[in-house]
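Presented sequentially are two complexes of subunit A, the first with subunit B as partner and the second with subunit C.
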Partner chain A sequence: MVVRRVLPQFIVSLVIILMLIFYFFYINDDVAKTFSADDKALSDWAVIISSFALIVGGVDIFRFHLTQLRRGGLKQAPFSVVTLIAELTMVVFGAYGLALSYLNPALGITITTQPQFRWLYTYVYAPSDSAMYSILVFYIASASYRAFRVRNPMALLLLIVAIIVMLGNTSLGALIWPGFLPLRDWIMTIPNTAAFRPITIGAGLGVIILGLRMLVWREVSWMGRRE
Partner chain B sequence: MISWEVLGAWLGAALVVWIYSFVYRDNVFYKFAEHLFVGVAAGYSISLALDSLNRVAIKPLSTNPAVSWHYVIAIILGLLMFMKYSKKYYWLARYGVGVNIAVGTALALRTTPMANIVRQITATILPLWTPDPVTTLNNWLLVLITLGGLTYFLFTIFPKKPEAGKPSLPYYVYRVLYTIGIYGMMVGFGALFANTIMTRVGFLISIYLQYLQPNAWASITAALLAAIAIIAGIVMGRSRK
Partner chain C sequence: MSFLSKVEKVLSARELLYTLLLVAVIAPILSPIGLPIGISSRTRDVYNYIENNLKPGCHVYVEVYYEVAARGELEPALMALTKQFFDKGCKIVYGSLISTGPIVFSLMLAGAPDIFAGKEYGKDYVFLGYISGGESAAASLAKSIKGTVKVDNYGNPLETLPLMKEVDSATDFDLVVIVSSGTDTFNYYVRQWYTPYHTPLLFAALSVIAPSIEPFVGAKQAIGMIVGQRGAAEYELLVGRKGLGIASMDAQSISHLLIIVFIVLGNVVYWGMRVTSRGGGRK
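Let's turn to the complex of A and B:
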């Protein structure tokens, strides 16, 4: 129980307190330098651990599709093979680039500049990513039809503002009426800023409360399954 | 001889069309493109993680171990995350997750009070009477909409309307602020909605500009062939049904 639940929570509280001390407390210049170095070290630790978390995520996808290969049947198996081969290929080229950066540094090749890796990124990842992201425009079109049906004054206001902002963002809007651009700028600077200010304050309060809950061991959902 | 760039343009164009074919209905081409994308994206994430590990931990450890020795602890904590696959020792992964969450929480606790609360409040404390009427109107709007939004979100204890007689002054004040808050937020959401649409449309256009234009003929031919293949696939699928 102690090593499974208490010690991890204790480490969380300890690291939070240490990082808050490093940031807010000033004793003298030497101590401040040490605090700054320790603070950077802890931030680097988080980067290192996050990198491992990304790798764990990749391994999870690999394991999932291996299972699909065994149990998914003929309908799913070919697609899982595509995912597995694509993931492996990308990792192999990336690792090859990393190895080259150590074995032959004169070439100046790293993971992201390895030619095959770059090719896969430029011609497979980048267009697919953009297409996946932009495909949502069609769903937004249907969502906007529902949202823009004027049923009350609030919906009418939302519709008018959305039309002004959209026209203000395009050159067509400026051709129709030159005032769309300054009107859009005013909407974004005054009412939009004011509307999102309370949301920002509310989110800030939420973050502080969550942090305090972590500090006093009230928030345990991050530990996953219960014993 | 077809160069790798032209082949890439063909593949990129085909992938875009295959992914867009989902707008009509789910089909085998979309599934292929989707699974290829998932695989490549996962591999890309792993490679980026390796790159980051190399830059932040491995290189400092190999060049200056006397100063960077403590990164070994972080590497061990990171490796412990793989214990989540063990039924017996899954709890060891909590140590790595714990440190990460703690650093994230501490960073948020350090910056949020100032950025999300104090600065927002100080930015709202504005002069309500100025020589310039436009500035005065803007300041009034900023203050009232912010107060209205706060009334709507945070001060959620609404003064009750008496069953008989006139409602109290706080009731009216609260009601007015509440309504201003809702209307202000509608303006904000309208602007957000419009910006989201414009971003997505921008991506749609950028696909053509970035990936299809450099090898226009190859790309257009590939896109047409991919579209024909999709239509043929859908027609064949229908006739089989």
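Let's turn to the complex of A and C:
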């Protein structure tokens, strides 16, 4: 109970209080400098922890797909095999690059500049990633055709705005009517901002409330608990 | 089956739309039409800000935060901005809070030898590489770059790079450019760089992201924004370097027009069928 629940919550509360003091409180320049240095130290811890979290993530993917291979059946097996081989290959070449950067720094080779790692990334990952994203154009076009049905006045308004923004984004729009571009800019800066600003403010308030709940130990979902 | 039903069936066939879309994207790239590109006041404002406010020797921090998938839309803007900064005599520190940063940066470097010609690494520009930690890393970098990372992307200690002797914290930079395919990155820099240090920010965003970060520009927390393919093409025109942004504009225009034609035709058929069915009902 103490180790699994009280201690983590105490650490979180302490960090929140310290961050608030470091950021908002001003006593004098010397104290401010100390606070700033301490604030930076806390941020650096977060950077280091998140770096280690990446390793945990990699190990977790590996373990997950090993389990899938054992229990997932033949349907899942090819995907898990590809994932495991891809991960292992990238890790091996990445580790080789990392080792070279320490053993022979004069070569100027690091993880991302290791030739095989880079080749795999540029000629295997990059085209696959681009292709996946490009396929979206077909789905979006198909979905637009089906979704933009003028069934009521609001749908008509949505369609008109969509067409103005689409034509404003193209060079063809200006040829049809030069007003499309300034009209698109007006839609983006005035009605769009009016709609998004409350969302942004709401999200900000939500973060403050979440912080307060964590501070007073009311928020426990981050520990994987429901209450 | 009525005529309108037949048209509806033809238009609804995904194969037709997909084939036409494929042609609409590929044909203009293979054989450019050269549609004129007007420059929007927003893009011109960004260009003018840099022209009027950045002096030779100024320092710019550029966040390279996108995956390869977003390269087509964001890289032209990054290249055009880099050209303008170098033309102005600015020095650039690149960094990346996304793991794909080092690769997309190297692709950008390989695709713009003319921009980086005559520029010396370490003196005119530096690439810090990937820095994990998201917003915490952004906060830490704002306080001290050298206190956050010890070596650059290529393993060089930062103390040995002349440019890094000139800059270290957010207040040392005259402008911060965030070229990002994600929404959160813009929030990080507004919260960790602009709010505490008032370092001017400039956004280069995907068209789909732009609406959600528009409030920051409206509130003057950023000096402006270059939006998507069109913004990149406009910027390429302004800096006088024709690249992928301009080359893709014809394809974007034709494909958008095709989608609009399909939407309009779909509605004409939809309403035609509704009116016809009502008329039939009265009879």
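Here, the second predicted complex is superposed on the first by the 217 of 227 C-alpha atoms of A that agree within 3 Å, B and C clash if a C-alpha of one lies under 4 Å from a C-alpha of the other, contacts with A are read in each partner's own complex, and residues count from 1 in each chain.
Everything that follows uses one rule, which is that contacts are C-beta pairs under 8 Å (C-beta built on N, C-alpha and C of every residue); 3 or more make two chains touch, one makes a residue touch a chain.
Being a predicted model, the structure only gives us computed values, none of them experimental.
Once the two complexes are laid over each other on the shared chain, residue contacts for A:Ile85 go to subunit B alone; subunit C is not touched. Legend: residue contacts after superposition of the two complexes on their common chain; A:Val220 is shown touching neither subunit B nor subunit C. In the superposition on chain A, no contact is made by A:Leu183 with either subunit B or subunit C.
In the superposed model, A:Val56 makes contact with subunit B only, not with subunit C. Looking at the shared chain after the overlay, A:Lys40 reaches subunit C, while subunit B stays out of its contact range. In the superposed model, A:Met154 lies in contact with subunit B only, and not with subunit C.
Look at A:Val3: by the touch rule set out above, it reaches subunit B but stays clear of subunit C.
By the document's definition of touching, of the two partners only subunit B reaches A:Leu120; subunit C does not. Contact with neither subunit B nor subunit C is seen for A:Ala77 once the two complexes are overlaid on the shared chain.
Looking at the superposition, the partner that touches the larger set of subunit A residues, subunit B or subunit C, turns out to be B. Counting contacts by the rule stated earlier, residues 43-44, 46-48, 50-51, 54, 101, 110, 112, 121-122, 125-126, 129-130, 132-134, 137-138, 144, 159, 163, 166, 169-170, 188, 192-193, 196-197, 199-200 of subunit A appear in both its interface with subunit B and its interface with subunit C. Residue ranges of subunit C in contact with subunit A, taken from their complex: 11-12, 14, 17-18, 21, 25, 35-38, 40-42, 67-72, 99, 102-103, 106-107, 129-134, 136-137, 139-140, 143-144, 147-148, 153-155, 207, 210-212, 214-215, 217-218, 227-230, 233, 249-250, 252-260, 262-263, 266-267, 270-271.
Only residues 3-5, 7-9, 11-16, 18-20, 23-24, 41-59, 61-62, 65, 79-80, 82-91, 93-95, 97-98, 101, 110-112, 117, 119-138, 140, 144, 147, 154-155, 157-166, 169-170, 187-188, 190-205, 207-208, 210-211, 214-215, 222-225, 227 of subunit A touch subunit B when the two sit together in their complex. Of all the residues in subunit B, the ones that touch subunit A in their complex are 4, 7-9, 11-13, 15-16, 19-20, 22-23, 31-54, 56-57, 70-71, 73-75, 77-79, 81-82, 84, 90-91, 93-110, 112-113, 115-117, 120-121, 123-124, 138, 141-146, 148-150, 152-154, 181-198, 200-201, 203-204, 206-207, 210-211. Within the complex formed with subunit C, the residues of subunit A that make contact are 36, 39-40, 43-44, 46-48, 50-51, 54, 101, 105, 108-110, 112-113, 118, 121-122, 125-126, 129-130, 132-134, 137-138, 141-142, 144-146, 148-150, 159, 163, 166-167, 169-175, 178, 181-182, 185, 188-189, 192-193, 196-197, 199-200.
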